[in-house]
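Mind looking over this structure? Questions follow.
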Amino acid sequence: MGIDAVRDRPGHADRWPRPGDSGALLERFRRVRADSLRLAATLSPEDQCVQSMPDASPIKWHLAHTTWFFEALVLQPHLAGYRCFDPRFAHLFNSYYESLGSRHARDRRGLLTRPSHADVLSYRACVDGAVQALAAGGEAAGRFEALLELGLHHEQQHQELMLTDIKHAFYANPLRPAVQPGLAAPVMEPAPLTWLTAQGGVRQIGHHGTDFAFDNETPRHAVLLRPFALASRLVSNRDFLQFIDDGGYRRHEMWLSDGWAAVQAQGWQAPLYWERSEPGIGERGWRVFTLQGMQALNPGEPVSHLSFYEACAYASWAGARLPTEFEWEAAAQSWSGSEPILGAAWQWTRSSYDPYPGFEAWSGPIGEYNGKFMVGQQVLRGGSCATPPGHLRITYRNFFPPGARWQFAGLRLARDA
Amino acid sequence: MGIDAVRDRPGHADRWPRPGDSGALLERFRRVRADSLRLAATLSPEDQCVQSMPDASPIKWHLAHTTWFFEALVLQPHLAGYRCFDPRFAHLFNSYYESLGSRHARDRRGLLTRPSHADVLSYRACVDGAVQALAAGGEAAGRFEALLELGLHHEQQHQELMLTDIKHAFYANPLRPAVQPGLAAPVMEPAPLTWLTAQGGVRQIGHHGTDFAFDNETPRHAVLLRPFALASRLVSNRDFLQFIDDGGYRRHEMWLSDGWAAVQAQGWQAPLYWERSEPGIGERGWRVFTLQGMQALNPGEPVSHLSFYEACAYASWAGARLPTEFEWEAAAQSWSGSEPILGAAWQWTRSSYDPYPGFEAWSGPIGEYNGKFMVGQQVLRGGSCATPPGHLRITYRNFFPPGARWQFAGLRLARDA
Amino acid sequence: MGIDAVRDRPGHADRWPRPGDSGALLERFRRVRADSLRLAATLSPEDQCVQSMPDASPIKWHLAHTTWFFEALVLQPHLAGYRCFDPRFAHLFNSYYESLGSRHARDRRGLLTRPSHADVLSYRACVDGAVQALAAGGEAAGRFEALLELGLHHEQQHQELMLTDIKHAFYANPLRPAVQPGLAAPVMEPAPLTWLTAQGGVRQIGHHGTDFAFDNETPRHAVLLRPFALASRLVSNRDFLQFIDDGGYRRHEMWLSDGWAAVQAQGWQAPLYWERSEPGIGERGWRVFTLQGMQALNPGEPVSHLSFYEACAYASWAGARLPTEFEWEAAAQSWSGSEPILGAAWQWTRSSYDPYPGFEAWSGPIGEYNGKFMVGQQVLRGGSCATPPGHLRITYRNFFPPGARWQFAGLRLARDA
Amino acid sequence: MGIDAVRDRPGHADRWPRPGDSGALLERFRRVRADSLRLAATLSPEDQCVQSMPDASPIKWHLAHTTWFFEALVLQPHLAGYRCFDPRFAHLFNSYYESLGSRHARDRRGLLTRPSHADVLSYRACVDGAVQALAAGGEAAGRFEALLELGLHHEQQHQELMLTDIKHAFYANPLRPAVQPGLAAPVMEPAPLTWLTAQGGVRQIGHHGTDFAFDNETPRHAVLLRPFALASRLVSNRDFLQFIDDGGYRRHEMWLSDGWAAVQAQGWQAPLYWERSEPGIGERGWRVFTLQGMQALNPGEPVSHLSFYEACAYASWAGARLPTEFEWEAAAQSWSGSEPILGAAWQWTRSSYDPYPGFEAWSGPIGEYNGKFMVGQQVLRGGSCATPPGHLRITYRNFFPPGARWQFAGLRLARDA
């Protein structure tokens, strides 16, 4: 048998997202779309145009890209006779969909002073209207609901990125403006840390049921785990200060080789956004740039804005390790309802972002959503304060390259039981 | 005698700019300051915030920097008790004055969404008021008028940069917006080209008289010239098309070595902003990005947006050469009044930007204005359509690195007589 | 409980390599050391000094580094009064052991014309003598045998790198010299491809027994596999030509995102070392740089010098996938003795190079051998024609970054059963 | 008149080098060729193969390139039926002659382990034989002598580069070997520094007479100079130490803008090859890497291995300036015979490397020798200890980019009279 014969086996069935709860879909559409605008409300058109690094995007671009997503995947295929708001926008606001045509260079999104902020708001209003008219008309067929649902989850993901990206941009400004002016959180002490043990054995991992999930959370499959223990809370700022004070950023023996190279090449001495000032301000003189501007380090808050390398180094220093994403999910199954598993900060896991056994990407352009990124990244679990409420679930797999620090990412310790 | 003895010779007298016509200084101050705002009038705050490359600056930054220049050099030294509008602005808007403190990184000026556009307008108004109050009070002493005069010429230089920089930024936008929407210039045919000959001999070069001039135009000094001829007009777009059509960008023998390397590394095939479209549009299918957006190539206009390398290659192809800056200035002395020497486009000369014999930079911080850039650059003469009227004179020495293409720069041919 | 309490748990026992068969250790030492010299025998001192890229090292450096490894880890700790051959060599020939002191920059190894080739041969002879004297004396205590065994496996790994690195260097020379002049392999047709199926279930993965293994092959642990099928042979050059001819390098839909970026940034159009010449030479005009110089493409040989990205793209095009390292090892357990699992070419797997559950690195400096590289790399299995005989086993985990192409790396297809 | 008419003017006469003293040409050929081999005599084949940076070339490459120069420009055009030693060598050993075909990448010359050192010696012997046979036969016509003469001067230039390049390569080796092992020069005290004044007026600059000169030294032409003074000797190491001790590398006000940027980007704190060790060794603890290895700083020697930027900064600190190349040459005319103008170290001048008025490059391929580099470089005058005796003259124009430090380049102070 030659390779041609290999390639001739029957194709797979189409795979599409499942709408989670299609009844309230329109209502949720309106709410999610409004949430994006509310996030941007304190920002001027100038603020919304800036891009501080290639990995981050301007707020205006996020607002337009999420709109283009609905236009390209919901309206164009399902609304007969739909005419694009502006046919040039596909080039400007396509992120990475090779199958949907050409794209403006990612690192040049900040140059798009036009379309103006006002134009983008019009674009949003126009697409919102068309989507609602299509839905209300009841004539939308086929994948309409599935793709609309996907568009909402997509927009919620970008809502978190809006916060991480504008935070990064404002930190690049010596004036250090606040993204969300207001009072900082009250000073907290870290809770005591205990170990929660989990039995080993075969556990089911991945999404099941009829709710919406991304393709990368499937198929649900069995994994064999050894007994392990997970810390009852995330590593706190005060914990991490001990690591710094113990020479954590100067001692190679805790670090992965790539991590140690990053420490030296980039001069890391603390998490991103930490700055040392006079003693007496904040926890031992450390201040941190937050969405509320520069603030004293809050000792009880989960440490955040770590790279995977720093998370690993900390765990090694602490005589522990990071959990795998399977351990994390298995633990979350037991604790859900009783433990603060979701929402404190994204938690780096020791798992590379690989496909689950039997993984198949969605069909068509949305097949590019997750699958093509499955190399060179680490899985994060849990969600952060910047993740929109209701967007999370314990099977959710976030992923970033190991050196990324501008996300709200910390860690939870694990160890063999 | 050792090096200590060498260093002990008496110091030079202080050197300062001379106010050109101090009578009308305040009136000119108001006019020049208003001109800057008028240039920005068609641009949104977003447009004014963007930076498309490290060599270019945002419009807002230009507006603030020119204001800081008055604040730091006119108000702070001469207005007793002056309090800075915002003490943090010195860091943000100092361009390159090492002696005036720290600076925000040049390639990150586009990140300054704050201060807002409105804040910068307030800054301008406030400084304008203080300058005028100081001048009206009649108590300004010392170098006040000299530095005010310098500040006006400085701002006029930035007015030209505002146009070149926003043009570059808008070209980076696939929508290709117009900086100055309106009608393009009427199609022109090139004028016939004739040669104007000049005698050799000793000629006086450099500025004299009591009008304002930059320190780099002095001292006036004698140079010995050989007879030469200068073309009666600049090289036109149609002329340059012949060079392109004759393989100008593919034949190494016309190019300086660094120029040929730039052609290959950057894929140059035409001047910056030229694009080939369907035949029948523009001169043989060429269109050009102008301040009025994309336009058909106008054959009679001077070719512009050339690097020095391209200017040299063209001259070589044409069997001619570039004039030296001394030939140019000597010719301009004879022709002034009768020939269009100023204002069509900056003209690359074959002269490196070296100090004149006996050159001394101005005293104090403004000594950094010109002198410290005297290496690695070529002199341009003549001024362009973007140069503010009244800003030019035939002794004026503009300078840019040989690979710069975003200025309105072309060439005039010369040859030995 | 705070983080201090977390860190106070009892330490682990020391972990060291196990000598495989200590009886014949000295004999194997002599043979392996001689093999390295034999590999270099056709190369001049000039050839042995050159470094063609940062990832590759000069042959002379390999010869010296493997010697330093014995000196630093075997002689210095175990031979009382041992004096280093040259105390400066530790800096020159330490590869990446942070705990063993400073190192010459990796990308500047090719600058080491001194010590000369002759000096390095003396270094080898001297260290070889000391090791043998120490062993023969019978007084070597403690870890002596364990570290000597490790040194042999280490040197064998470098023997393969000597071939991949000099091949890369010679390809950078327009003269394209042969590393091993001689006859090329006879033209082969690909064998038929069949699918060998494997049951799912719990399988034991990782090394056990008393033979030598690297720490990254342990601990042996259970994994749960789904039924799968593995191709009976590796993908051949002719197979891969079909992928190329079908537009494989021009169609984004088969590629991981990082892979597609590499294709475009680096202009990949075929595996490394492939060149298209006139039709009629080689398989449809393709020639390949081999250890015997440029040769006609041999259709039946396993395709080699692929990146992980190309391996993935091919598998996707073929309607299949890469096996995980666990599937590979489980299959190899069944087939060993009957199937050509080892030695044809390294086989990229779909597994990131992550630590096995319960993994602990060796103690002391050799703990840096494997563990600190466990991020950003993919596992390869199987070994190649350049791997020394006897060096391989089915639990062996090779690893390289996904873009690496200078290794003898191809792929074997897998699919769900 | 259009541009076509401009281009139609009559061409120039051919221009070629003039043989200096054709009588002894063959004898000089033998001597110069032997000198190159003698320079390489202490170096192993490994040493002769290495390239430490793109600007430097391997010794073996120099030996082969200078040979190719004779082959391509002397033998191929003038020896009927000449067959190239190896037709592939043109690609390997062409430096920058676009008109002579393709070239191996400049920064990859160090990868050429083949042809071997022995092959290159054979190449030299073969070409030497053919050149001598051609000359002895008396049948060589046309430009033969002119090009042979040029080839000798060309080879002498490369003899100096052989020393600068291998010095740079050996410095990159932590073992710091000596290029020319032997005794260092005896410790010298700087001579007293006096000022030698020169009258202003019209002076003739450039080469005349029948001796060989490069095209860039012509045409001889008149320049108008102002009175000036030149220091009686070069700046010494001790002089330069005073600059360092006075904060010369930390005070921006002495530096050109590009120079200050280089200081900061590259961390310059002293001339290239200077290293500070314990006080008591060398002049205040400074040691310097020389052709004899690391040596104590010799206070009376001319400071060397400066960039143009450092030379300018020193002159500014000393209250003086660099001479123009015209001042230098005019002074040298007066002093020749009585003053040590030539040979101590190359002397940076304040003159950009521009064409002389009326400059025309040589005809044919050798027109690429000098003219195409006339931008972005500074002129150096005078020659160094590494310049072959007899190669220099006071009209000689050496040139390097302003940041180059690996040449034997220092400075002589000048000032207005």
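For reference, chains read A, B, C and D in written order, and residue numbers begin at 1 within each chain.
Going forward, a residue touches a chain if its C-beta (ideal position, glycine included) is under 8 Å from a C-beta of that chain, and two chains touch if they have at least 3 such contacts.
Here the structure is a predicted model, which means the values were calculated and not measured.
Engineer: Give me the fewest steps it takes to get from subunit A to subunit C if each step has to go to a chain it touches.
Structural biologist: Step count on the best path from subunit A to subunit C: 1.
Engineer: Which chain's mean C-alpha position is the greatest distance from subunit C's?
Structural biologist: B
Engineer: Based only on mean CA positions, could you tell me how far subunit C sits from subunit D in angstrom?
Structural biologist: A distance of 46 Å separates the two centres.
Engineer: Averaging over Cα atoms per chain, report the distance between subunit B and subunit C in Å.
Structural biologist: So the centre of subunit B lies 58 Å away from the centre of subunit C.
Engineer: Quick one: report the Å distance separating subunit B from subunit D, using the average Cα coordinate of each chain.
Structural biologist: The separation of the two C-alpha centroids amounts to 35 Å.
Engineer: Could you tell me which residues belong to subunit A and also touch two or more other chains?
Structural biologist: none
Engineer: What's the complete list of touching chain pairs for this entry?
Structural biologist: The complete list of chain pairs in contact reads A-B, A-C, B-D, C-D.
Engineer: Where on subunit B is subunit A touching in the complex?
Structural biologist: On the subunit B side, the touching residues are 44-50, 52, 88, 91-92, 104, 108, 110-117, 169-170, 172-175, 177.
Engineer: Give every residue of subunit B touching subunit D within the complex, in rising order.
Structural biologist: Residue positions touching the partner: 1-7, 9, 96, 98-99, 190, 192-194, 202, 221-224, 226, 231, 235, 239, 242, 252-253, 255-260, 308-309, 312, 317-320, 324, 350-352, 354-355, 357-358, 372-376, 378, 402, 413, 416.
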